[in-house]
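In the two assemblies presented below, chain A is common to both, partnered first by chain B and then by chain C.
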Partner chain A sequence: MKARTKYVAFFLLPAFTLIAVFVVYPVARTVTLSFFNESGKFVGFANYVRVLSSREIINVEGFRRGFPLGALVHNLLWIAIHLPVTLSLGLLLAVLLKNVRGGSIIKSIIFLGMVMPMIVGGVMINFIFDRNLGIFNAFIKLFGVQPKTWTAHPDTALLSLISGSVWLWTGFSTVLYSAGLETIPKDLYEAAQLDGASPFKIFTKITVPMLRPITIVVITMTLLWELKVFDIVYVATMGGPGGASNVLALQMYLYAFRAMDFNRSAVVAVLMTVSTLLVSLPLLRTLKEDQT
Partner chain B sequence: MKRLLIVSILLFAVILSAKTLTVIGPWAGPEMEKFMPVLQEFEKQTGIKIEYKIYRAEDLANLLPAQFAAKKAPGDVIFMWASFIREYGQRGHILPLNGVIDESKYLPGALDAVKVGNQLYGAAYTGKVKPGFWYRKSFFEKYNLTPPRTWDEFVELLEKIKRIPNIKAPIASGDGVGWPLSDVTEHFLITFGGPELQLDLIEGKVRWDSNLVMKGMSRLVTLLKNKYFGEPTEWTLVLKQWWNGDYALYFMGSWITGMVDDPNDLGVFALPGAAGVVFGADYAFVPKYTQYPEEAKKLIAWLCGPEGQAMQVKQGGHIATAVGIDLSVYPPVDREVAKIVQGVTVLPDLDDSIGGEFQPAFWDQLKLLWVAPDRLSEVIKALQEKAPKK
Partner chain C sequence: MKTKTLLVSLVGWLLALIWILPFVGVFMTAIRPLDELLKGWWNFSTFRPTLNNFVGAWNHPTASLSKGMLNSLMVAVPATFLPLFLATMAGYGLSRYRFKLRTPLLALIVVALALPQQTIAVPIFQMMNALNLVDTYLGLIIVHTAWGIPWITFFMRNFFTTIPKSMEEAARIDGASDITIFFKVAFPLAMPAVGSAFALQFTWVWSDFFLALILVYSPNKLLATQRIPLMRGVYHVDWGLLSSAAIMVMVVPISVYLLLQRYYIKGMIGWSLK
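After this line comes the complex of A and B, so read on.
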């Protein structure tokens, strides 16, 4: 038994070494950096106070005047809008396409948004909402709405990015929900139909509860994406205009690589990690409980 | 057999000893095509091979700090923002070029942006002037328009253009990364605050909420509020639209002469009263971590010297920073631009010189101002927060 433990330790050592070098050390270094200033002096929570009180992170004035509201608030808006929309749209499409001939082809097309690199997605969003080239303007013109470059205006930039991301991300939830629907026993539906249950009742009392584990996975993955969203914002608007579509990950990048202030950048990185853990851990625990 | 062996060994030795310098610059497409002959001429004269790689300055700003920290560099001669060269020169990552570059052979002030005390960390290659508003002569003739001589005439001209059927706006607004908006804003600041204001803002001696700045900014805001500027659009796309007659004027640097179908149809005027013009030199440096420091210095001396610069300006779109380049070398349109530089104060680019956190903030805040000119005070406040402080 002792020899077996030795073997296990021997084989785990390379993995642990890599984790220590590439995960544990960078995380520890980032946390440490967030408590020091540029000259390497320990400053406690001063960097946190500085970052959290800056207009780039939370812009109190913005609540009166309009966007920008600060990167942290924008991330919360991403969650508040993007999450329910992609979730419900994905579920709706999965249910609607379940018994449709050629439904899998349509689902594959919807899933293409996920296959596309998000950098390309950002460029596409720019095109979609462009005044001259955009399909969105071509569409709304039919209803007499004045065209404009939606990503160029502070009041619509963030919403344009979120809706563009809905288009890119919905394929993920659609595919996962479609797979989940296949696992629900047909007997349940047949029994409900025999009892005279309406389609709505069947949907709310059978489909939705049976898809709970899938919903938790979709929520967790979508939330993580919304918290770390960077690429499409960087490409489409660079967080503008005037910071109106800025997000935490982009601000972290700007602190690190434009201001060369790695301490403030580390603070944002820690805030993002903590919020990610706060969000994902309870969800993962629920998922585990469901499985047991 | 023995002879073949010796020849093979010699050939192998020659291949091994051949030095290839990597030059990193921002020019791609037609701009690169005009730069390559200059590099090829150096290869021909010295036998030193050159490989050219394209990197945008924005990407280099992310890449180089990490490379420098690892004591590496992706190239032997790199074109980059002056502010970056100064900063990393002071940090010891860039080879000083004192003795390689003779400062007296350049336009006055051309090398100031890459100097720290007596140390010269960069060299000025050719540059581009941002002289003012470009227009198509044929468009002006068609609609009987004339370049303005006073501010009132300028506003009258804009009003006249606005009334032309199917025109989107009198002035096209370039966008994308954000620098086209900063160029036109700098022109307003220099015209209404004086050339010294540009230098003071770079040094952080003047606040953004000062009267001098507000004088220029409020004139710009008046035009924005009257919708004389179009909505910010990707700058190369709007260039085509302007050329096709969707807009009448476009504020751009002199590189525009190499980007239009017929440069002879181009005309340009500065804002009436502008006593200074921004000259954006292309600065290059030699990283400390180059394998071939002597060859790299040789290349930079040749490129930035009169011979390299003359070759480049000859092809259009560039203006020399080295003195003594005969005006006859320039294509006709560039010659006119080169003449503009001679009459006014030549100034460094504001955001390129400050760099750091200020630059992206400046570009971004101007994007906001362009679509929401009533938020000027908010923009000014944000700029002051990021501006250098004396």
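After this line comes the complex of A and C, so read on.
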């Protein structure tokens, strides 16, 4: 018994000491910071009220006048657009490419967006939407639309970033769904075909239900990306123009390292943390099933 | 049936073409002089490829990429191997021993997986400041190590639970201690999983921007990713320079991906699936 404890400590202690000091403690400290003011006085939820009612986080006026709508709303918009698009596009591509000659090469190409540094991803988004050099403008010019730098206009900056993010992130759902399709037994399809089921019926009654566990993972990871997105916004627009493409992660950085307001930045960090933890609950649940 | 397969293939390749166009564009912009770009990188009425942009970015006066890539390497190598080693040990421990704290520790690392870096940013900065480790690579390496350990531990634990214990038990009968068994039997067996974790951790540390942004600021110490935003011109965007810099910075993780593709994808799927 004693010897076993010794071994457990040998294997676990170095790793978990680092986690305790450089992950757990900072998280606790951030939570504390969010309840205190600059001079170290406990203020309850005052910081939260201040942050949530600020123009940077939720801009009520924006709902009448247009962007900026506030970082929190922008993140929600990101989720509302980016999640369904990457999810369905990934599933579509995975199913489509299954029977394409060289499909794995195409998947590798689509996956490249996931492999490059996101700071480069942000530069690429700027490049796609640039007035003179952007392929997007070259394309829409064919339809007679005036070219412009889409990331530099308040009403299109956020949407440009979100579409750029679709370009970067679809590789993830495609690759995961492709792996998921491999796990579906072939005889299920054969049986359905023998029974005369239509391709649409096979897709909705076999493929989609069998992919449920993968879908949970894809949704979780995609939501985490949408809540944490930082690099591409930092390099492409710096949240601009005039905050029109700002997001929570960037606002946290601006509060902390530009305005030197650690308490307000802590509030934003806590809001982000709570939402990411809520999102990852399904993953924790799979862990529980795993225990038996 | 034949025409349908052909049609599907055609659509697939068309999509691949659309997806890769921005890469082609960046590449063309990097290898062509500015006056050719003004007509669009897709215009080939004249085509005089040059490496000037690459040389310019590599030796940039204020954001030299040669220095940046070297700096990134100096951070990424230790910040890959250190967590890899410690987390493989931890993952092994979590898979092979039953003890009271096991489930809470597992839950802790899963929770840590989801955390945004913003949650630790300010306290980490203050701690590193107190330790005199701000603006040093050691500080950044420590944070990357601590940050990488949860997911690698989780990944390695999942791997170890799938491999049978029979070989380890055979070694135990021969009188080997648990520590010897780990280093002589389990660790070598885990090489494919270690390969996956290596590919992902190295890529992520190389690609990191946020932690570097808050911890490293001296101009000569800036990492490769930090120099990208500095590559823009002051009055206008120098796309040639920026494109070649972007290519050089992404060539490293993309090479890792292409060389270790099977491990890379396995890591991505294994880590997120189970």
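Convention: the second predicted complex is superposed on the first by the 274 of 292 C-alpha atoms of A that agree within 3 Å, B and C clash if a C-alpha of one lies under 4 Å from a C-alpha of the other, contacts with A are read in each partner's own complex, and residues count from 1 in each chain.
Operating definition for what follows: a residue touches a chain if its C-beta (ideal position, glycine included) is under 8 Å from a C-beta of that chain, and two chains touch if they have at least 3 such contacts.
All of these numbers come straight from a predicted model, not from anything done at the bench.
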| task | After lining both complexes up on chain A, report clash or fit for chain B versus chain C. | result | clash
| Which of the two partners, first being chain B and second being chain C, lies in contact with A:Gly239: first, second, both, or neither? | first
| query | Which partner does A:Arg65 contact after superposing on A: first (chain B), second (chain C), both, neither? | reply | first
| message | Output check: A:Asn132 vs chain B and chain C. Expected answer is one of first, second, both, neither. What do you get? | response | both
| task | Considering only the touch criterion stated at the top, classify A:Leu188 as touching first (chain B), second (chain C), both, or neither. | result | neither
| First (chain B), second (chain C), both or neither touched by A:Lys148 | first
| field | chain B or chain C, by number of chain A residues touched | value | C
| query | Where does A:Ala259 make contact in the superposed view: on chain B (first), on chain C (second), on both, or on neither? | reply | first
| Common interface residues of chain A - those touching chain B in one complex and chain C in the other | 130, 132, 257
| task | Report the residues of chain A in contact with chain C in the complex, numbered from low to high. | result | 4-5, 7-8, 10-12, 14-16, 18-19, 21-27, 29-30, 33, 93, 96-97, 99-103, 105-106, 108-120, 123-124, 126-128, 130, 132-133, 135, 138, 167, 172, 175-176, 179, 213-214, 217, 220-221, 224, 227-228, 230-231, 234-235, 248-249, 252-253, 256-257, 262, 265-266, 268-270, 272-273, 276-277, 279-280, 283-284, 286-287, 290-291
| field | Of chain A, residues touching chain B in the complex | value | 55, 65, 130-132, 148-149, 152-154, 238-244, 254-255, 257-261
| Complex interface listing, chain C residues touching chain A | 5, 8-9, 11-13, 15-16, 19-23, 25-26, 29, 37-38, 40-42, 86-87, 89-90, 92-94, 97, 99, 103, 105-127, 142-143, 145-147, 149-150, 153, 178-179, 182, 203, 206-210, 213-214, 225, 228-229, 237, 239, 242-243, 246, 249-250, 253-254, 257-258, 261, 264-265, 268-269, 272-274
| message | Under the stated contact criterion, what part of chain B meets chain A in this complex? | response | 61-62, 65, 175, 177-178, 231-233, 237, 241, 356-357, 359-360, 363-365, 367-372, 375, 378-379, 382, 385
